[in-house]
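So the structure is just underneath, and the comments pick up after that.
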Amino acid sequence: ACGSSGSSGSSDKPDASSGDSGGNSVNIDFSLFSSENDAFSVVFREWAERVEEETEGRITFTPYYSGQLTSLFDTLDSVKNGTVGGGLLSAGAITGQVTDVSILEPEGVFDGEEHFKNFYNNTLDTMNDIFEEHGVHMTFWTLGSTEVLTMSPDEFLTDPKQYKGIKIRTAGKWQAAQMEAAGAVPVTMDPGELYLALQNKTVDSTMQTVSLAKAFKLYEVAPKLALRDVTANAVMYVINPDVWNEISEQDQETIMNISKEVALSSWRTLEEQQENDLQTMVDEGAEVHEMTEEEKAKLMKELTSIFPDIAESMGEKGMKLYDSIEESK
Amino acid sequence: MIASKNLSKELPNTEQEGKDWTFFKHYMNFTKFINKMFTRVSGALILVIAILLFQDVIRRYFLNDPTSWALDISRFILVYVVFLSLAPALESGQHVTVDFLKEVISENKQRWMNIAIFLLVSVFGVILCWKLSIVTLDAFKDNRMFPVQTPVPVKYVYVAGPIGALQFTLTALSLTIKSIFFPAEKIHEE
Amino acid sequence: MDFLMFGAFIVSLLLLLIAGVPVAVSLGIVGIVGGALLISPAMIDQLSQIAFTQSSSFVLIVAPLFVLMSEIISSSSIGTRLFTVVQMWLGRLPGALGMAAVISCSGFAAICGSSPVTAATIGKVAIPEMSKIGYSERLALGATAAGGTLGILIPPSIALILYGVITETSIGDLFIAGIIPGIMTAILLCFTIFVIVLKNPSLAPAVQEKVRMKERVTGLIHVTPILILAFLVIGSIYIGMTTPTESAAFGVVGALVIVFTMRQLGLKNLSTVLSNTVKTTGMFFLLVIGGMFTSFVLTRLRIPQGMAEFILGLEVPGWAIIVIINVLILILGMFLDPMSILVIVVPIFFPTVVGLGFDPIWFGILVTINMEIGAITPPVGFNLFVLKSVIPNVKMSDVVVGSLWFVVPLLASLIIIGIFPKIALYLPSLMS
């Protein structure tokens, strides 16, 4: 008697009864590492609802939030082999595997909304090719955040000097390299383990997106938030190719159009959500320090110094993305 | 965690005289030998993890000079510990079972049940080994790296998976053979 | 449909378990068949994902380390000496030796994460001592088996670690939440012995030997290894020096140094200790992998979610649901070992419990006490098996009757903490 009646498996045979004008009915089990109220989940629902509406209910989604189904680190494999129909990827978790998107992982790549939009339009085909190569169909991608926090229990970490020797949790290889460039000792761990690690001071600090800082209640154990308005990381909404091929061509086109619109408007969605999240955290006792231009410049100088290293690690398609960052400004 | 020890009481030896079971004996001795090796390596690796983490705490807490690799390397060693320990645990009867049915049925039926159980365990082992091999082969194909600071290729870590699962399967088969051909022997030895 | 699928799942799992298939393999096979038939064969791929994710988990490094520490200590005379000291201090109190066994178990539990290991270590020394002066075997066995269960309630605890991993609850909080309930349960167990002996003094003849105060005080030195280790393990977490994972590494190194200093650690000894650790580790992880995989398939079929929606939609008060869940665990506890119960039951009911607004830490403590009961109830009680093998010529029926007496205080503890969650939640609330 619950909502499960409609959740036929993603890899089930297409529903034969719906062979009318619109094409097949497909329900997609979608795995998200983000919690239900997280910005990524908000963007997901905005997209899923529009897809559902404009395909007249043929394409539906069953979301599984908070890594309930697959962990952040195995979502790509799980979508690829069809264990789940679709999922949310984080660049930080996949750059070991999809090296071409490495440049989307670190902080400080995009200067603003227009820069992101131009880049998105210029590189969409390349991005699609990259994920096609890795066995999944990418519908769209958005930034992980347009603002980044360094969170700490006792003091605002604003100056590279404060980074010397401290253990700081980062979301992936290249963010780790950035923190190392600033003098810190980077630590990698699942976001689910971070609360305890900060509480016990296994790590001294974490570099974090606003939405995850709120979702995992990290501000309770690391309430000093140094905020800077730079972008970081990217997340991709991908679908298993077999599931994708079950969808009629017409519906595929509809989905891709909606995807692009949602992606281009995601900057605003993220910003709004981040404002709300910051407010919630402040209401619950966190303190925010917005870094000054001067502080920001000093830190970013260290953090962006590794971009040439990233470029070296990427293949031909990755270099296309890399070059497009300048071109899209 | 020892419920399944003593599960095979002395059965009349049904080995037929004159038949040559040497191949099976060799096979059983082979799996036993490998399990002994796996146990040694896995045990030593647990000690290594303890020492790695211990020195890291000392460095962090007293010297303020933590390593960036101790935790990650420990996680990778754990993969070896886990997969190498699966088969020895099976061999020694550590895998918990609910065995009160066995206590009430006849010894002959017990023997048939043991055969069925270990065959089922073998099937599970085959599936596990097959699935682990696919993921591991993928890691060999695309040379992916762990998304951590210490650049370790995934393949060198994951390779423990199929190896451990294979030995798990071989051990389950060995126990099946034991139940069929050597029912007089205790199934799980210390 | 949900209930049909859930029913099919439970029935096939039970059939495999009754047939004697290892619990982890039963879970794995039910997951594989269920996932392949009800969703799609692609589901089986998740088995390998889960196997690799769990075996490289940052949190689970703790498991083999705590097992190793327990094995190192139980290979030494630390347990024996602890019992001797406690016994001297209790003197000629009625039922002194029985209580000494329980108190020694509680002390040993502070450095050992497993309930059968605790029961076996203390049982090896306590039960012969009790037999020597004419204790009823039932009482001797029951007290030790029940005392041993404290191994998983008093931190460190392999069961609490597993609960924390399954439910993504803080292991540090779970550990500290177990302390007061553990002490309370130990007191209840001692009280039970006291009452039994008061009603029937012939069950437990008093110790005749008189021990001088000086001897008692000097005896305390034998408790120091335990105090040191308990500090290394639990203390180091709460002064912010280590994570639970690192504290386990501390425990191992500490235990090695102490046992080596006591000249009780040879190479041969160490090799046995490591070999036992490896086997327990293999068992533990296969259980985790099998359990997590089945839980993935169930989640994919939306069974726990459907269950939660269904139960939350009923006009039944929350406490009644908690009672029902606990009765179910009690029944399963008769047949299954604690770890198996955890991986089977908790994923199914956890969404319901959280949906009803109950505290996950409190629920974890309830489940743990419930599993303690399971460890001493027939027909399958691990602590009973362990003791039966420690004292070979004891009758199983004596073991069973003896432990059933002690189900009463454990049930009382379960009910008290069920009604007063503060008992479990007070210490964690101080931490944040």
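Worth a mention:
The first chain written gets the first letter, and so on, giving A, B and C; residue counts start at 1 in each chain.
Just so we're on the same page, contacts are C-beta pairs under 8 Å (C-beta built on N, C-alpha and C of every residue); 3 or more make two chains touch, one makes a residue touch a chain.
All figures in this text were calculated on a predicted structure; none of them were measured in a lab.
Pairwise, the chains sharing the most contacting C-beta pairs are B-C. Taking each chain's centre as the mean of its C-alpha atoms, the one that lies farthest from the centre of chain C is A. Separation between the centroids of chain B and chain C, computed from CA atoms only, is 24 Å. Averaging C-alpha coordinates per chain places the centre of chain A 38 Å away from that of chain B.
Rounded to whole angstrom units, the spacing between the C-alpha centres of chain A and chain C is 40. Residue positions of chain A with contacts to 2 or more other chains are 73, 77, 189. Residue numbers of chain C whose C-beta contacts span two or more other chains: 45, 49, 52, 58, 242, 246. Residue positions of chain B with contacts to 2 or more other chains are 71, 135. Only residues 1-5, 7, 38-40, 42-44, 46-47, 49-54, 56-57, 61, 71, 74-76, 78-79, 81-90, 92, 94-102, 113-114, 116-117, 120-121, 123-124, 127-128, 131-132, 134-135, 157-158, 161 of chain B touch chain C when the two sit together in their complex.
The touching residues of chain C, counted against chain B in their complex, run 16-25, 28-29, 32, 44-45, 47-49, 51-52, 54-58, 60-61, 64-65, 68, 116, 236, 241-242, 245-246, 248-250, 252-253, 271, 274-275, 277-283, 285-287, 335-337, 339-340, 379-380, 382, 385-386, 389. Every residue of chain A that touches chain C in the complex is listed here, in rising order: 1-5, 7, 9-12, 29, 62, 64, 68-71, 73-74, 77-78, 81-84, 189-190, 192-193, 195-197, 199-202, 220. Of all the residues in chain B, the ones that touch chain A in their complex are 60, 64-68, 71-72, 135, 138, 142, 144-149, 151, 154.
Residue ranges of chain A in contact with chain B, taken from their complex: 73, 77, 92-97, 165, 167, 172-173, 176-177, 180, 185-189.
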